[in-house]
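One structure is given below, represented as structure tokens, and several questions about it will come after.
Per-chain residue numbering starts at 1, and chain names A, B and C are given in the order in which the chains are listed.
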Amino acid sequence: MTLTVDDLIAIEEIKRLKYKYVRCLDQKRWDEIAELFVPDAVASYGGGAWAFEGRDAIVQFLRDSMGSQQFLSAHRVGQPEIDVTGPDTAKATWALMDLVLQLEFGVDIRGAAFYEDEYVKVDGEWKIKSTGYKRTYEELEPRAKDITLTAHIYDTGGRSSLNG
Amino acid sequence: MTLTVDDLIAIEEIKRLKYKYVRCLDQKRWDEIAELFVPDAVASYGGGAWAFEGRDAIVQFLRDSMGSQQFLSAHRVGQPEIDVTGPDTAKATWALMDLVLQLEFGVDIRGAAFYEDEYVKVDGEWKIKSTGYKRTYEELEPRAKDITLTAHIYDTGGRSSLNG
Amino acid sequence: MTLTVDDLIAIEEIKRLKYKYVRCLDQKRWDEIAELFVPDAVASYGGGAWAFEGRDAIVQFLRDSMGSQQFLSAHRVGQPEIDVTGPDTAKATWALMDLVLQLEFGVDIRGAAFYEDEYVKVDGEWKIKSTGYKRTYEELEPRAKDITLTAHIYDTGGRSSLNG
């Protein structure tokens, strides 16, 4: 019932796995994201609206849907409720808030959701076996004309503007 | 001064308690929320603007204020600063960001706050003894006519729209 | 490779250090913030757009840029990826979401970024040695006329309004 030191170690390692996943998503590091899944991982985003079997299909979807430099995203996960179910298995619930500035289309997409994930430890490293979320809400709003983009990930030194 | 393993275990268990509380709030799971408080818990939201004595009064308030299916909420807590003050007692500070889409009234309420909580361990489980937050800010904005709700917690399969 | 108990303790203590930093920033507790840095700390905000050498210069910048009671801010950090690199050294990546309501100028500034920090343990306490972030995006929007500020950090009892 009570957590053990081994549980605490597993929990911290799984947190890092998830935090790297969402960071790489916003930094568009697709090759690094691929390494976080087992080959036969499955994903079900938006309550099943977008479902994929296999790491390659998952990463291809992420790349297709978020790869554009005209999409600036901030996915933030937290509130982990992680159950270590065996020496090499675990599951977790996470809260997500996400925001995608789709500059190309002039819309912002904002949402909140809860993830339900499964993890497996392979050769000493935790990997994502199954991931998916259900939305609390998701909304789309045209970007107001008076919003100024003052900095972005593709800045190189001086201030440029993707939408300017 | 330095943390012990017992502290680390208590800290992780208290994090889970809080994360379950806010998840159940957004998922409107009132019976599960009730189990997270001791019977004589007290709450003071909004710096005392809404204060309650006893678990039943707290849960009734949450149910009354957030129960409507027309209110879609995302409460996100993080930044825990948890002090384990004894084998069965602890206190903590948390940061909150919250957003409530009040579709029924056509307004969004957004805010930021810091919680100050007290916890007590009863029969091996951490419970909320006292909770409350003070606002950094809270603001209310009429929902713009051009926002489209594209998914929500009450979706069952296809895309429906609470406000459509 | 695997985390040790000492790593877990260091990780939790470093999380608290960072959480106190951002809380004090939003609560404008400049003297407490100063205690979180070593004297020769360096900071590089906005990818180097604002760079400072020495604790005093860093804290002066924070005070100058965020000190106004007309600026209500919510900085939220999470997703820590902390590497303990020695008994007294560590580094970390963090995700930031920040929002500053600049009531005085009638604008909101919103952004997302990733921090890269270095920490050092001095006399048993972890301190910030180096901090900095790069933006995923930052945007500025004039505050809509129909937003009502319903609560704020300077409320004393009743509801007052900084912008009313």
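Methods note: contacts are C-beta pairs under 8 Å (C-beta built on N, C-alpha and C of every residue); 3 or more make two chains touch, one makes a residue touch a chain.
Please read all numbers here as calculations on a predicted model, not as lab measurements.
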* **Common touching chains of chain C and chain B** => A
* Between chain A and chain C, two touching copies, which fits better, same or different residues at the interface, with half of the numbers shared as the threshold? => different
* To do: Report, in whole Å, the distance between the mean C-alpha point of chain A and the mean C-alpha point of chain C.
  => 23
* Structure fact -> chain B residues touching 2+ other chains are 5, 8, 76, 78, 97
* Asked: Residues of chain B touching chain A in their complex?
  -> 5, 8-9, 12-13, 15-16, 19-20, 22-23, 26-27, 72-74, 76-78, 97, 99, 101, 124, 144, 146-153, 155, 159
* Which chain B residues qualify as touching chain C in the complex? -> 1-3, 5, 8, 11, 46-47, 49, 76, 78-81, 93, 95, 97, 109, 111-112, 114, 134-142
